[in-house]
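In the two complexes below, chain A is the common chain; its partner is chain B in one and chain C in the other.
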Partner chain A sequence: MRRGSPIRSTLITLLMLSPGLASFFGLFFYPMLVTIVRSLRPEGQQVGWTLQHYITFLREPRAREVIILTFVLSIASTLCSMLLSLPLCLVLRQKLRGHRFFRLTMLIPRVVPGLIGALGLLLLFGSRGWVNLFLMQVVPFINEPVRINYTVPGLILFYTWLYFPFTSVTTLSTLESLDPAIEEAASVSGANRWQVLRHVVIPLIMPGILAGSVLTFMAAFGAFSIPLVAGGNYRPLAVEIYRQIDFTPARWSAACARAMIMAALQVGFLTVYMRVLRRPVA
Partner chain B sequence: MPGLRLENLSKRFGKTVAVDSLDLEIRDGEIMTLLGPSGCGKTTTLRCIAGLLTPDEGEIYLGDERVTDLPPERRGVGLVFQNYALWPHMTVYDNLAFGLQLRRVARAEIQRRVSEALAMVRLSGFEERYPRQLSGGQQQRVALARALVIEPKLLLLDEPLSNLDAQLREEMRFEIRELQKNLGITSVYVTHDQAEALVLSDRIAILHEGRLVQVGSPAEIYNRPGNRFVAGFIGLTSFVEGTIVRQDAAKGYVVVRTRDGLELCARSDVLQTGQEVTVAIRPEHIELYPEEPAVRPAETNFLSGRVLRGAYLGDVVDYRIQVGEWILRAHAGTGAILKPDQEVFLTIAPDRITLIAV
Partner chain C sequence: MTLIRQYLKALWRGRRLLIYTFLLCFALLIYLPFLMIALKSIGRGWFGRLWLPPELTLDWYKWAIEVTNIPEITKNTLIIAGLAVGMATLIGIPTGWAFGRYRIPGKELLMAMILLPRMIPPIAYALGVAQIFYRLHLINTHFGVALAHVAVCAPYAILVLSATFEGLDERVLEAASVCGASPLRTFLHVVVPLILPGILSSMIFTFTTSYNEFTLTLMTYGKDTVTLPVRTYIAMGEGYWEVTSAMSILLVIPSLLVLFLIQRQVAPEKLVGGFKGV
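Moving on, here comes the complex of A and B:
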């Protein structure tokens, strides 16, 4: 058999890389560049450079609030998703009857468009929603509807609903990749169920869950449809950016500057997070 | 007092019967091997003993205590897994200390017992290593130490050597055997490797399709297999079928005739004329002669056949020889190698032939 010449194989490699490279430059690098340039232009102009949009936003007293709110919502919902998925996945992995059904159900929040999910949640948790009707009927102290919609805890609840599948899928796969003998060895050694969980299972799946939670955090940080529909006065960064475009005339440069700040925060947070994760697990 | 007693133990998975009314007694301080092909129920039995599976029927007694319903953490047994199952996030020290910490043993005592256990498996000084930093053999020795450090009443080993390379495996057999004898700990060893079973066991229990087929010392099992399955499973065996046509009660010999007229003399005190039997012959018990010997040894079976093929094994040549309608396997020295189609003469001592009643 004739081996391909080095030039030929290089050509083939380039050819195979080209779709990836094209989409990287066309769909990521170019829009990124446009956003950066735009954020540095005076509003509505194609020439000149200015840091005005960054300074204005960061000087606004609301800026800190918006950034803190964005972090609170995304971190809290990531934590809630982790706390929720661990017990659920521990049950699901035992492959009890109907576990397939629950595995599918778990993914519903990702299948339903966020906007429709948000509307549904608003109806469910509203003052005349089923949740409040139920609470008022059953819990003795609750005589009037609990305000859930348009509050921070309510938003965290909605976020958790939407982003929970990211965490539960990675948690389940991490759990299922765990060798059953590892746990059996612990229980033979004298550990009861709780001790096996605490000393063996959780330490071993934690790196996997934390790595998976990056995905949840990223998605929650950029959440748009849920806070837009269900956020009320609470506007995280993504909604804040959108609002700049909603003005007439649209403030594109201001929006781009905010987008750059959001990206920088996200990258910064991730860098720190990944560095912490990569520390050798003791 | 028995070390361990299984009474009428049964375990089913759906419609599959993995263990079928197993009765077995393991003496105190004895190492017994559960031997059988994969799917024979040996691992299921071991897991029932450890408490990792609950039997559908039957009882398990550890010493005098009935442990059938106890969860694994309350049985106080040590278990060594095939794939070591060390806890990867703990150091060797922590792996060993874990069981003791759960038992609320004092810190100083833990340190003493861990270093003792590590010395026992010749791994002193490895305390701070993580399992991934150890070789397979070292990991398995840590697993052994971890099982022993809690001073269990019973040591269970589930194919502990099958992930190791051949040389290490052979070494470890003796090491496990020696350790078990020194500690005098009642042990159950599961394997599908007959050589391993023969080397390390006080007694071997042969399992087949969930049932106990034969229990005995390695020599008994090898020399007096109770049925065709055991004979075929342990060592190499050729089988010939026939009927007992004569017997010499005084000398304890019987003569078996096959349907193609071959006659074989074998020792048996119990079988009667007319009994149909399977004749089991081991390859090392057949002597081969390329030419007809001038003097036939008295009271021995003398046969002639044709070499079908030979496989050179290094120390011996493994021949398949057609005798009448039967094919016998014979091992001969590598001095003069026989060629296919060559005529060959065989002698088999009657004492070396095993008869199995059909």
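Moving on, here comes the complex of A and C:
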């Protein structure tokens, strides 16, 4: 569209890119740098270098618990999201009556603030919530309310509720871009419905499911609002970081060290995960 | 033979029933929390093993509006979201245009870089943002909180807009100029109508993101810039669940309304997608 000297067009491109790059460097790169530097400073000082905060945190026996909890919550909720998304998307793909409504329903956890989702879930699954009332009235042998809130399985459930749309939307869009001719070919060749699903459809949409699961994992790993209000005594890394600066005096350096550990763990896990994913596909 | 056919038919019908049961359970799981919040917000004395609150009241809404100063907080939230949407759109249009229409060496890498803020846990850079803003005295200003929101909104706007601009067909523009339209006329009458839906959907999505943003707000807010999610959090900490529920309902209704209103115009699925080829 534009014809000019190459230098001029390069300049124009750079100029057009500059707002995006400025926001990236100013609002992400520089803050990350500040976080790194702060994590290496002695608490409350602007000079000197130390690895003290990393060492103190990693030596604490709690550190291992916190890190394991973070991984357990995010991996378990990612798996649950995949298990929920697959049947849901296979059903929604058939364009049953009212499928538009269920499609929108699928998005709702993503358009409301996580805090409110957490509030609603706490009320629903609380000892006086409808789930427990239902269990006590319908299921025999359950006379006492089942503890769901503030437990690890409960948290996994909450995480799944909040973050499964990433997986299901990606799965659904992959499923819908699937060529129906492939399935027809399989069933013409004599495969029954189950075989078509098991050997044709699922392997073909697997990349979509896995891509969605990466999104769910990232969101769940960085989850902050849900464990903050619904975690109780279970504090994953994000909440642990926030607790460092929530008190006076705020321990910024300690918080920054934990944040760097968290970012490193997430990037490390994702790198491994992607490597594992790529191998069979590529 | 007919027996087998009948049996299969019944199974088929049973399958449909099974599917609808599954969908019903799913819908209940998603909507019941909101129903619980709604009931909590209009109920009084709802203790013990009761399915419904024994007494209905609107007092909690009155409390929410009078005591927690909802109108003021809503004003803050809207100002901040508006500023964030404006800034993200101003950043997203040129950058998205460059990404969508120009040949840039290392485009994939650059795009991955721009999207990095959505992959790193927000709390990690929120710490840095908070420290920088303390130094620049941007804490507790509407502009400051909005600027922090731009960190998550801008990558999003760039992504949506670059997809929009990429879809703009070169031939349509050429056709316009062949038919004798001046560049300005082409822009106003051809380009703008074509890209407007994309810009609108980007604005709606960044607005939703900013409206719901909690982590970055919590790190940069002050007493004059409390937003609805932060106020909900504070109210939950204070332990007044009924008032919190009333506030949540007030906060959630606009989000849901927007979702149901825009679903036909812009594919709301885009709201959660975003990473091509992850």
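Keep this in mind: the second predicted complex is superposed on the first by the 277 of 282 C-alpha atoms of A that agree within 3 Å, B and C clash if a C-alpha of one lies under 4 Å from a C-alpha of the other, contacts with A are read in each partner's own complex, and residues count from 1 in each chain.
In the analysis below, a residue touches a chain if its C-beta (ideal position, glycine included) is under 8 Å from a C-beta of that chain, and two chains touch if they have at least 3 such contacts.
Being a predicted model, the structure only gives us computed values, none of them experimental.
After superposition onto chain A, the partners chain B and chain C occupy separate space and fit alongside each other.
Looking at the shared chain after the overlay, A:133 reaches chain C, while chain B stays out of its contact range. Contacts of A:20 after superposition: chain C is touched, whereas chain B is not reached. Using the contact criterion defined above for the overlaid structures, shared-chain residue A:190 touches chain B, although it does not reach chain C.
Counted by residues of chain A touched, the larger count belongs to C, out of chain B and chain C.
Using the contact criterion defined above for the overlaid structures, shared-chain residue A:162 touches neither chain B nor chain C, since it reaches no partner.
Once the two structures are overlaid on chain A, chain A sits at the apex of an angle of 80° toward chain B and chain C, using CA centres and rounding to a multiple of 10. In the superposed model, A:181 lies in contact with chain B only, and not with chain C.
Touch criterion met: A:203 reaches chain B, while chain C stays clear of it. The least CA distance from chain B to chain C in the superposed model is 9 Å.
For chain B in complex with chain A, the touching residues are 50-52, 71-79, 81-83, 85-89, 98-99, 102-103, 143, 146, 150. By the touch criterion given at the top, residues 19-20, 22-23, 26-27, 29-34, 36-37, 40, 46-51, 90-92, 94-99, 101-102, 104, 110, 113-114, 116-129, 131-132, 147-148, 150-151, 154-155, 158, 170, 173, 208, 211-212, 214-215, 218, 228-229, 232-233, 236, 241, 244-245, 248, 251-252, 255-256, 258-260, 263, 268-269, 271-275, 277-278 of chain C touch chain A in their complex. Within the complex formed with chain B, the residues of chain A that make contact are 179, 181-182, 184-192, 195, 199-200, 203-204, 281-282.
On chain A, the positions that touch chain C within their shared complex are 1, 9, 13, 15-24, 27-28, 30-35, 38, 84, 87-88, 91, 96, 100-117, 119-121, 123-124, 128-130, 133, 136, 161, 165-166, 169-170, 172-173, 211, 214-215, 218, 221-222, 224-225, 228-229, 237-238, 241-242, 245, 252, 255-256, 259-260, 262-263, 266-267, 270, 274.
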